[in-house]
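Shared chain: chain A. Partners: chain B in the first complex, chain C in the second.
So, the complex of A and B:
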């Protein structure tokens, strides 16, 4: 675990240094989005990667977090920092409420149920006048301030906030992975029946995982809303958003804490770059290239990029061991 | 082993990020423009540059891609007219090449695709301003994309001229660098009521009961709110009353329930805020259920798409709505006719429609403002946009002028009605190409 923490610190320090080397705002923009989506991927990894319960509805928790802080700021001028925690509490509450009936379902039925729940929540927000319904909320632009979580003159504060949030979430994930709850969740993932037979209360532990995952997703939602300064139900609660979270984690490597950051580091810059270079042509070729790359990875490296890296490292290690044996024999 | 793995991952991440970082260079907004001409720019010493960049953010992919591509053609036609020599078109900047007050500098439009996604719209607006150094932005068609994109331009103090985004909320945000050419749904609603009054006078239609049918998104909800606003403020006192209000989901696949609800209330006139797929479904169901209102008026959306008459043929007749242009007027308005000829070369023979003409006007206004300001300074361009009455012979009102909120006060649109699958201009009377016809039974068409 200590080694793992050292690796995580290396990763976070490296990311923190990057914007100081590459000072382009576009680069910073990519990094902010990358970190927000990596955070979401980490949160999703807890319920799906560790506990093996596929959720296609995480956009709902992300959206609740975004809406909670935005509505509080827009209607009552309450700081998004407070809204962030309110959003996390709401998202955790919703997760707890839906978890009990949903966790009675297994495998694909659970995935379908989460999909339906996200759609229901979207419809609620679309027809809820207090949160401006389908019209969405344009957050008022105020002077740069940490209290209001708005920085108009530079993206660096957003970047470091996103990095801070990502660091907290990845350490939480690392802690969970190596704690009792993490082992229980993995046991549930490997075999529900075996986990129950050794006395693990599977419903309770899956609910814990879902609640933690939802709260962390809501944190990312607040930061996203403050960054874009506009939200509506159609951009937050969509299946596209849920799929994006799933996609980047699967691409990077599901069930591994490095998976989401690897996936996000490939998918987000790739989508931004292809859109910038080819999007203006109007032929949609950027989206086609993006799709083909995703298909290639899904077909040839189902364990994700992290699987590929581990394979290469293992091969090198085996080679070294082999060479050592040859030398000893001679 | 894990440390090595982490290092490998960091290297991989840095590589992909650096690749993306390399696609963009640095970074100041044009307001603090480093161009030498800026500091010396004045009325007496106009700037001389080779080209001036303008950003166009449009939905070139996604659900509104078909419309986005049409808007792109219209913007390209405007660029062609400004940069080329078109003495036969009697409008500003057509004769001579480029911007005469800036040493015949060319307008270079940089297109960006927002995919109908507000997040992408904001990102693209920032990229165009910071990396491409555009001096003004236009777009973004969907109001939900125009909102964050124009907020970004406000932050960098770069003018944003929206062509066809119609949500009234856009000009109610107090933005100083945002203007809009299309009439908003507030203005459209008033025109609709005036048109109905005209119908009552001309055809003894006795229209009093109002029904509202709207899609559940920003466009539809806002349009419905404007009907309530005008009924309360003015037209309720003149005898109009709302008898039904039907909201339907954006991804509706069957409208039977909605149409039954409408038929039960039996309104005289329907105010429709729908896109092309939805309005097509509704009209088919009106026919199936035998619902015959006295009039149907449509906010800028599906009805204005020429596909409406293609989809519905004669069943689409006698519907009305606001439009900035109609092929029936091309004979009367020579300038639009010539613009349309250039447009048809790009669109494969399809005529220019209202939203496309409004997007065309956006670039013309921006270019005219740059030329009149004799500068690429965004503050000066914005000042010119705000204070100038622009000649716009391609609109029935022939002018574009913005009020303090940024709304064009000369409503670019008039009422058209489909008659014999053609869009005839019916109101106001001075642009009329045909008299409005009362809604006819489905069987006698």
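So, the complex of A and C:
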């Protein structure tokens, strides 16, 4: 666990240094988005990677986070920092309400329910005047300030906020993985029956995982809204968004805390490049390329790129042990 | 000896198939009870009824005066009854140690403490050397050991083993027999489902025989081996008649 923390710190410091070396605005832009999506991947990993309950609806929680802070700021001039926590609480509540009843049923209704939830919320928000319906909310521009979470002269503050959030979330994931709840979630993933036979209330633990996952996704939503300064239901509550979160984590390595950042580091630059080259939304070319990558990974290494890396490292280690160069570390 | 688990007239049906029919017996404190019977007799089904995996059609399960019929499996486990599975269910992506720690977390939130419990259990079940091997890459024998160890780590009062000796060689069976006796000495009660008579007979205090869902005999091992009904159930009527002639 200590070893883990050390590698995580190295990773975060490395990312922190990157924008100081590469100073272009477009690079900073990609890095901000990359970190936000990596954060979402980490959050999704808790319920699907650790607990094995597939969610196809994480866009819902991301969107709730974005809307909560935006509406509060737009309507009542309340700081996005407060809105961020309000969003997390709402997202957690929605997650509990949809997942608890599904988890009580033994079959996989959960995955299906998550497919519907983002769509339902989208329809709700489209026809809700208080949140400006289909028009969406353009956040009022204010002077750069941390309290208002707005920085118009540079992308760097956003970048470090996104990195800070990513760091917090990845440390939370690392903590979960190494504590009782992480063991329980993995046991549930591996065998529902074993879990119940050794005293695990599977319904409750899956719900905890979902609630934590949703709250963390909402944090990322607030940051995204503050970064883009404009939100509407069609950009947030889409299946595209949910699937992006799923695919990037699967490509990087599902159930592994390094998976989402690796996946995001491939998908987001790809998305941004195709968007710039092809204009508009890139006509989904990015997801097509990415889909092919995911299929390749799924065929050859179900644990994603990180699984591939681990395999190679293990092979090298084995060879070295064979040559008697490395002492076994116990 | 004080009775701790009472199975009272349990009936379990799957559609029209009656897998258990009015089965009753009692497990006492510090006792090894074996449940035997031919394939399909309903032994695993009874395990599932006791541990909350199935809700019995009728009848009652009482643990120390508490009616636990129809309780969820995890509540039954928290109360002190843990079972293993006939078809081993090792947590494949977790190491041996992690498999066992997962069980040990029942009574502690702390990782270090669960690690300590796991260490003791691994020592007892001879798994210490294999603690870092992933569950999925173990041999069947070791998987069975992990199955027992994980259950033990929950610190049960009653341990229920479903055919944990099948497929083991002589020495390995001896190991499990010794383990059972050791556990009994340490204060546990055991309910064992097993086909291997040479293993069951020497260690059991009491044997319950099921056939086609019904209890056909109950008693200490020496009585059971001479019981006509039991021999008939195992060998079939024809064989039984032949063996009588000699």
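In the analysis below, the second predicted complex is superposed on the first by the 293 of 330 C-alpha atoms of A that agree within 3 Å, B and C clash if a C-alpha of one lies under 4 Å from a C-alpha of the other, contacts with A are read in each partner's own complex, and residues count from 1 in each chain.
Keep in mind that, in the parts below, a residue touches a chain if its C-beta (ideal position, glycine included) is under 8 Å from a C-beta of that chain, and two chains touch if they have at least 3 such contacts.
Since we're looking at a predicted model, the values are computed, not measured.
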Combined model on chain A where chain B meets chain C, clash or fit: fit
First (chain B), second (chain C), both or neither touched by A:119: neither
Which superposed partner A:186 touches (first chain B, second chain C, both, neither): second
Larger contact residue set on chain A - chain B or chain C: B
Apex chain A: angle to the C-alpha centres of chain B and chain C, given in degrees as a multiple of 10: 140
Chain B versus chain C as contact partner of A:310, first or second or both or neither: first
Touching partner for A:7 - first (chain B), second (chain C), both, neither: first
After superposition on chain A, the shortest CA separation from chain B to chain C (Å): 14
Residues of chain A that touch chain C when the two form their complex: 178-180, 183-184, 186-187, 189-191, 193-202, 255
Touch list for chain B against partner chain A, complex: 1-10, 12-14, 16-21, 23-27, 58, 60-61, 65, 68-69, 72, 110-113, 115, 117-120, 122-124, 126-127, 130-131, 144, 147-148, 151, 154-155, 167, 169, 173, 216-218, 220-222, 247, 249-250
Complex contacts: residues of chain C adjacent to chain A: 51-53, 72-74, 77-78, 82-85, 89, 91-94, 98, 101-103, 105-106, 108-109, 111, 114, 135, 150-151, 153-154
Residues on chain A engaged by chain B in the complex (per definition of touch): 3-4, 6-8, 10-11, 14-15, 18, 22-27, 29-31, 33-34, 123, 126-127, 133-136, 138, 141, 152, 228-232, 234-235, 258, 261-262, 265-266, 269-270, 272-273, 275-277, 279-282, 284, 286-287, 305-306, 309-310, 313, 317
